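Got some structures for you, see below.
Shared chain: subunit A. Partners: subunit B in the first complex, subunit C in the second.
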Partner chain A sequence: MKLIKTLMTTTAVTVVAGAVSAQEMADDMTIVSWGGAYQNSQLKAYVEPYQEMNPDVNVVWDESSNEAVAKLRAMNEAGNITWDLVDVVAADAIRLCDEGLAMEYEPDELLAEGDDGTSAEDDFGDLIVSDCFIPQIVYSTTAAYRADLLPDGAEAPDSICAFFDTETYPGKRALERRPINNMEWALLCDGVAKDEIYDVLATEEGQQQALDKLDTIKDETVWWSAAAEPPQLLADGEVVMASSYNGRWFSAIEEQGQDFEMLWDAQVFDLDGWIIPTGLSEERLARVKDFVKFATDTQRLADQAKYISYGPARQSSAPLVGQHAELGIDMAPHMPTDPENAKNTFVYNYEFWADYRDDIDAKFQSWLAQ
Partner chain B sequence: MAEELVVKTGRPGMMRFTVPVVGGLGLILGFLTGNVVGAPWLGLILGALIGAVLGYGLNAMVPNKALGRWGVILVFALVGMLTGGLGGALGGAIIGAIISWFAYWIGRGTYRDDVPIYATPGQTLWWNFFLFLCGAIFIFLITPILVVMPLSFNAENFFTFTPEMLRLDPEGYSLKHYRDFFQTDDWQLALKNSLVIAPIATIISVSLGTLAAIGLSQSHVPGRRAIMAILISPMIVPLIISATGMFFFYSTLGNFLEGSIGMSKSLVGYIKVILAHAVLGIPFVIITVTATLVGFDRSLTRAAANMGADPVTTFFRVQMPLILPGVISGGLFAFITSFDEVVVVLFVGSAAQKTLPWQMFIGLREQISPTILAVATILVVISIALLTTVELLRRRSERLRGLSPG
Partner chain C sequence: MTDNTAGPDHITGPTPDNALRDADRAAAGGPMLAADGTPLKKSLARALRRQKLRALGLIAPLLIFVLITFVIPIGDMLLRSIKNDIVADTLPRTVQSLSDWDAEAQDLPGEDVWTDFYIDMWFAAERKEHTRLGTRLNYELTGVSSLFRKTGRRVDRFDTDIYTDQFIALDPGWEEPQTWAAMLGDGPASDVLPLTAGAWEDWKAFNVEEGDKVLEEDVPDLMYTALYHELSQGADVSGLSDRLAAAGEAVGGFETVSLREQFADADEDWLDPEVWQIIQLYSPRVTPGYFANAADMQVTPDGVEARPENQRIYGMLFQRTLFMSLMITGSCILLGYPVAWLLANLPMRTANLLMILVLLPFWTSLLVRTSAWKVMLQQQGVINDVLVWLGLVADDARLTMINNQFGTIVAMTHILLPFMILPMYSVMQTIPPSYLRAAKSLGATNWTAFWRVYFPQSVPGIGAGSILVFILAIGYYITPEIVGGNTGTFISNRIAYHISSSLNWGLAAALGSILLVVVLVLYWAYDKIVGIDNVKLG
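And then the complex of A and B:
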């Protein structure tokens, strides 16, 4: 009898708990992001101020941006969209938009106008690379190295080609486990002129040339898939140089006091921003729209740069970028767009990779497996 | 003949046996230490020499074992201190303890104590080798768990033994990852979810699994084997396949509960994950309860019925107490399945239901923060405490029932 009683009490408690939380969570919003320092900057700059204004809103984070496309497809098929707002890179936003999984929007309607009165559409300008993409930041994929692990007498590397120079800089290096960026760097270091790289990469021979160049360091390379890995590998001394996102490097160097040096050469600019999934109920959509309008206004985008070294996507935010919220250092010299850092840069070629990604991905993966 | 016996049971030959064997261990330890300092071959030679000298010196000149061992430990610790600070002292003391123990163990013939007197040298070697092998396997199993613990006190945000930590400098250690666990909403939400989902899923699996096992143990149930196979299948089918199937099944169920019955989104989320975990836990309960039912005497139920008890009373008063150990261990398995599970919850749950393993998984993938290690340490300590409690309770009940003398 005792067991039945226990069972019944537990069930009753569960039902009551469920009913109570149902009331509290009516204003639920699930935001999908990347975790780590980046998500923290969004929490501090957007979500906490928004919750101060709307104390009833309860935000749940889901660190699934990495597999956002696959998961959104599955959710759509199952007819059960649990996400309200998704942070993705521009290339994923373009794919999601093409598949109808992301909602198209009207910039001047959805987004606030700039502090200086420019319309949202002009303020974001070219960065709205897709009808569904709400730009947030400009970031770059760039490199860092451990000066103390270089051989005695070796000069500090000043070019991305140091990755391919295993004689001067012996030791392991870490690169991202995908063709994007690596293929461009390989061709650049194989003597291809910068403005011809995508023409060369469009051909079979060019792709083979890039893979051949990468082949020279294949045995020395650790391939990473999450951006948190390279700082860990470098801190361990497992590799001497690594590529990652510039914000991750900033966080490791300035906030956690790691002894890394930046290698800004041939950094690749890319965009990151929000998309709103299609198929949200009216209530949820209204909440998300309200949040997005707030979170992408001039001041909020500038505020985010207090916590992480990514450039705000609005032109009107740039003059407002100030100092790091806790360290009090000027953020401008750490921005990828700072003239000192941006001497030699690439811009992620969305059109090229949209056309060639599947093909080159397959070749790259089979090359890796060899 | 008599002379041979004396030789075998007495001390082994000093120059023929003790010195080379202890020197051999010194060689290995010296090589390892040498690797740490960066001079492996020098370490190898020095280690072999020191080992040989200790093998001779301790056995021939220091008959007081305690004095000899502490002396060696102290000297080694001092040398370690001079070369590598506090961490070096600790390392030196450990090496000193190992080699001095080994020197007496070999030199005094203690290694032969547990071997029958007629064993050949080969058998003696095998016997001791076997003991070392068992020790090595134990170390192999436990070290990965132990390594996690000091790392969780790292003052830095990386999985690295920093130089400060190796020197045992207090600066290198901190509790910040534990603070992070207890103060971050994400971790607290995950802990709360795990503590809600796992017990409820366990209760469901234990009730359903026990009933199923009892039903399936009746000989008159048709198709027993087929039903059993289906019920066990969640344990056999690869988890990722169950998870994919469950994702689509529970999405439809969830949409129905939300849309037609009007339950809240978060309650439906919990129901989905709890049901999915209960399904995963049921096979464990069925298997353990079926195993205990084999030893259950059917005539007891008939005796109870003879005395006028209805089946329900018989179940709770007679059968349940006897099969309780099986039910409890099945319940423990079901609990741990749910508490450890990451694949199904990633598919079926939404972020509001993220459990501890989910949070650890993304923590590992997105930020590689030692907070994961802090959580792992806490979980290991809790598991040890739980297992100890269960074992103590078991012994106590055995003692009360007079099953064991202690």
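And then the complex of A and C:
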């Protein structure tokens, strides 16, 4: 009898222990990011402090954010999700959410409230552009130019329309090989009012108008596909002005000492953040949630700005942005959101491009190839 | 080897096949028996079968490996170019009731379709499948993506709760899930009310998926809507149950809500017949749409027609890919032949050194080599600088040699050159130098000796190298992406875009299938013209 009792108790204990360990958090976590300076800023600001608090946690990086959507879809079809947390731009997060590949979440449940006590939902505000998207930073696609390559006597350009003014600013320009941003800039410089741009771009005539405008500089344009190209093209003197992400410009100008000037006019704000893939096991999900709560709190988001010039997505983080960790310069003036830089801005229109991307892209590529 | 492959009629001797034939002949005059008494024919057939099985067993691991890792995935990918299950799976009822809608008439579908569509959309939105469907249809009609996303957010807040309220006001029993379960279980009611019964089945299945118990959940508005719809259409429920009969009589006086207006309220694009045409057009589980798209055409209610001029790209890209791959193969032959000849004819030590130089690029990363060409060819690059310094080119008229076709051909020729040189070299090595000497001693000039004696023997090497280089070039992707600019990109760059960026895998699969067929046709043509036996890889 006693033996049976003991046996039963042990079994019960084992069962309970098993149940408890199922609630525990996994020790391994695979984080997908962009590589380079950006991933480094995440390592310094989020992962290293987190690992200090949780020494057992082992983080593996996968630099696949570029192809995250396609790879996640493939993993999902194979039924084997190997990623725990994926860093993607907002447009990709929306598509992953649409495809059911990213997990929907409740901001106030998953994310910590701001330092000043505002709820997470209010602190991130409009930047939660999708039910699956956990915002991290605000970046912008903006321009830079080489003052020393401008013709003698030419004034420094102060408008994005300098790209279309080949008389005042001769030489080649570099633009991204996709319609997004370029079509907007073309219309803006063709005299379309800023708040009507997407209405115009939704029509056949508007799309043609934008392409016609781009046609005026087609032969003068080098089209890039990787964001590392434009700083290189500008440094080599291949082009006189180029578009890229503001963090790339910061790193070229401040960290590598290149002699470029920023042209913030009509910069296009975009967001980058996390998504949690659907289909994670309980343990892994618990770990990821714990990490995300830590990595998106007010202080951590402000910390990231010490390493890269992207604006934190939380309002409460903005006052905490300080100096660059190595260069010791003030980061605020280099933020796309700095009032001095943000006099004339666009915000990436996710809804519009989700609808029109395929259509306009076909026209854009066809136009490029002619 | 059996009759089919080896041509046994040409083989004489005691092969199993011949023995079988002998046995056949002998059988005419009575069965010939083996030592153990079984007919010889049978015993031989058994031996032969055993041999075949053993052979199959030996290659089985490789066969299975190739099947699993190569044939099945590629086949699966190619099938995506015609597969189109998503519409029929997500909107099963709509697809059915829309099949007799006349798209030509430009009228909107009737209330039947709207009810079906409401039920389908409700489940799709709960399961988060509507956005995926929207993305799929957005490939065909711009704007459908946001149409589905917007509607999905609204569909569970439609004003259809007025039916719920009216049914419950009529008889509080309608509020109980048990009422519905009893009514729509096995019984005549489910035959009379197919739509309601089907919706109930889906609702039960949905609760199982969610891990909920259907009898504890509130009955959703869509059930009342479905029931109202069927009752108001005159479903005969008189003999079924009192509650149902009472409802059947009362619905005539119900306050109604138009689903069409509800949808139009969510997004007025639902009133655009074009949206319904696209849904109808893409209802079948197999679609020619992707292939039409890959051929710069589109599927319309009137059949397949060409796309507008400003959206055609793929035909041009296929042509360009073929043309440039041929150019690259040609320049590889021109550049590779002399090198291979040198390698084959120099003394061993020098040849080895040269060989290392040929192989060196093989050991360097593809990206490094491509980027090196960028540095060489760009306008502020090495070659332009030298030309300007020599005074051959004016400083303000530097040559454009990169980000165009020229740059792509140069960089890819360099990268693919070893694939041409190596097969050529291995063939040339086997050509005895005495043949050339013999030709010359018989009075041939250098040129005649080369052209009539040496070159024909080296053709298999050229053939092998050309096939390798051409097939590699036609699927090349990374080099054209980096140095191709606008005029030097290949079809594979678009395939990559659709795989990793636009997520239109169906179109990517269709483009890939076409590329595969083109390569196979060219291979066949090559076999007809040159003969594949004339290819020697080593």
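Points to keep in mind about this one:
We take it that the second predicted complex is superposed on the first by the 344 of 370 C-alpha atoms of A that agree within 3 Å, B and C clash if a C-alpha of one lies under 4 Å from a C-alpha of the other, contacts with A are read in each partner's own complex, and residues count from 1 in each chain.
To be clear about the criterion, a contact is a pair of C-beta atoms (placed from the backbone, for glycine too) under 8 Å apart; a residue touches a chain by one contact, two chains touch by 3 or more.
Since we're looking at a predicted model, the values are computed, not measured.
Between subunit B and subunit C, the partner in contact with more residues of subunit A is B. In the superposition on chain A, A:236 contacts both subunit B and subunit C. Judged by the touch definition given at the top, the superposed model places A:354 against subunit C, while subunit B stays out of reach. In the superposed pair of complexes, A:78 makes contact with subunit B only, with no contact to subunit C.
By the document's definition of touching, of the two partners only subunit C reaches A:365; subunit B does not. Look at A:34: by the touch rule set out above, it reaches subunit B but stays clear of subunit C. Within the superposed three-chain model, A:62 lies in touch with subunit B and out of touch with subunit C [touch as defined at top]. After overlaying the two complexes on the shared chain, residue contacts for A:125 are found with neither subunit B nor subunit C.
When the two complexes are overlaid on their common chain A, residue A:151 makes contact with neither subunit B nor subunit C. Within the superposed three-chain model, A:222 lies in touch with subunit C and out of touch with subunit B [touch as defined at top].
Shared contact residues of subunit A with subunit B and subunit C: 66, 236.
Those residues of subunit A lying in contact with subunit C across their complex are 66-67, 69-70, 73, 95, 97-100, 172, 208, 218, 222-223, 225, 236-238, 351, 354-359, 361-363, 365-369. If you check the complex, the residues on subunit B that touch subunit A are 156-160, 186, 189, 196, 200, 203, 207, 247-248, 251-252, 254-255, 263-267, 269-270, 316, 320, 350-352, 354, 362-363, 365-368.
Against subunit A, in their complex, subunit C makes its touches with residues 128-129, 131-132, 134-135, 138-139, 142-146, 149, 310-313, 316-317, 378-381, 403, 481, 485-487, 489, 494, 499-505. Chain contact summary for the complex, subunit A toward subunit B: residues 1-3, 7, 10, 14, 17-19, 21-22, 25-26, 28, 30, 32, 34-37, 39, 60-64, 66, 74, 77-80, 82-83, 226-229, 231-232, 235-236, 256-258.
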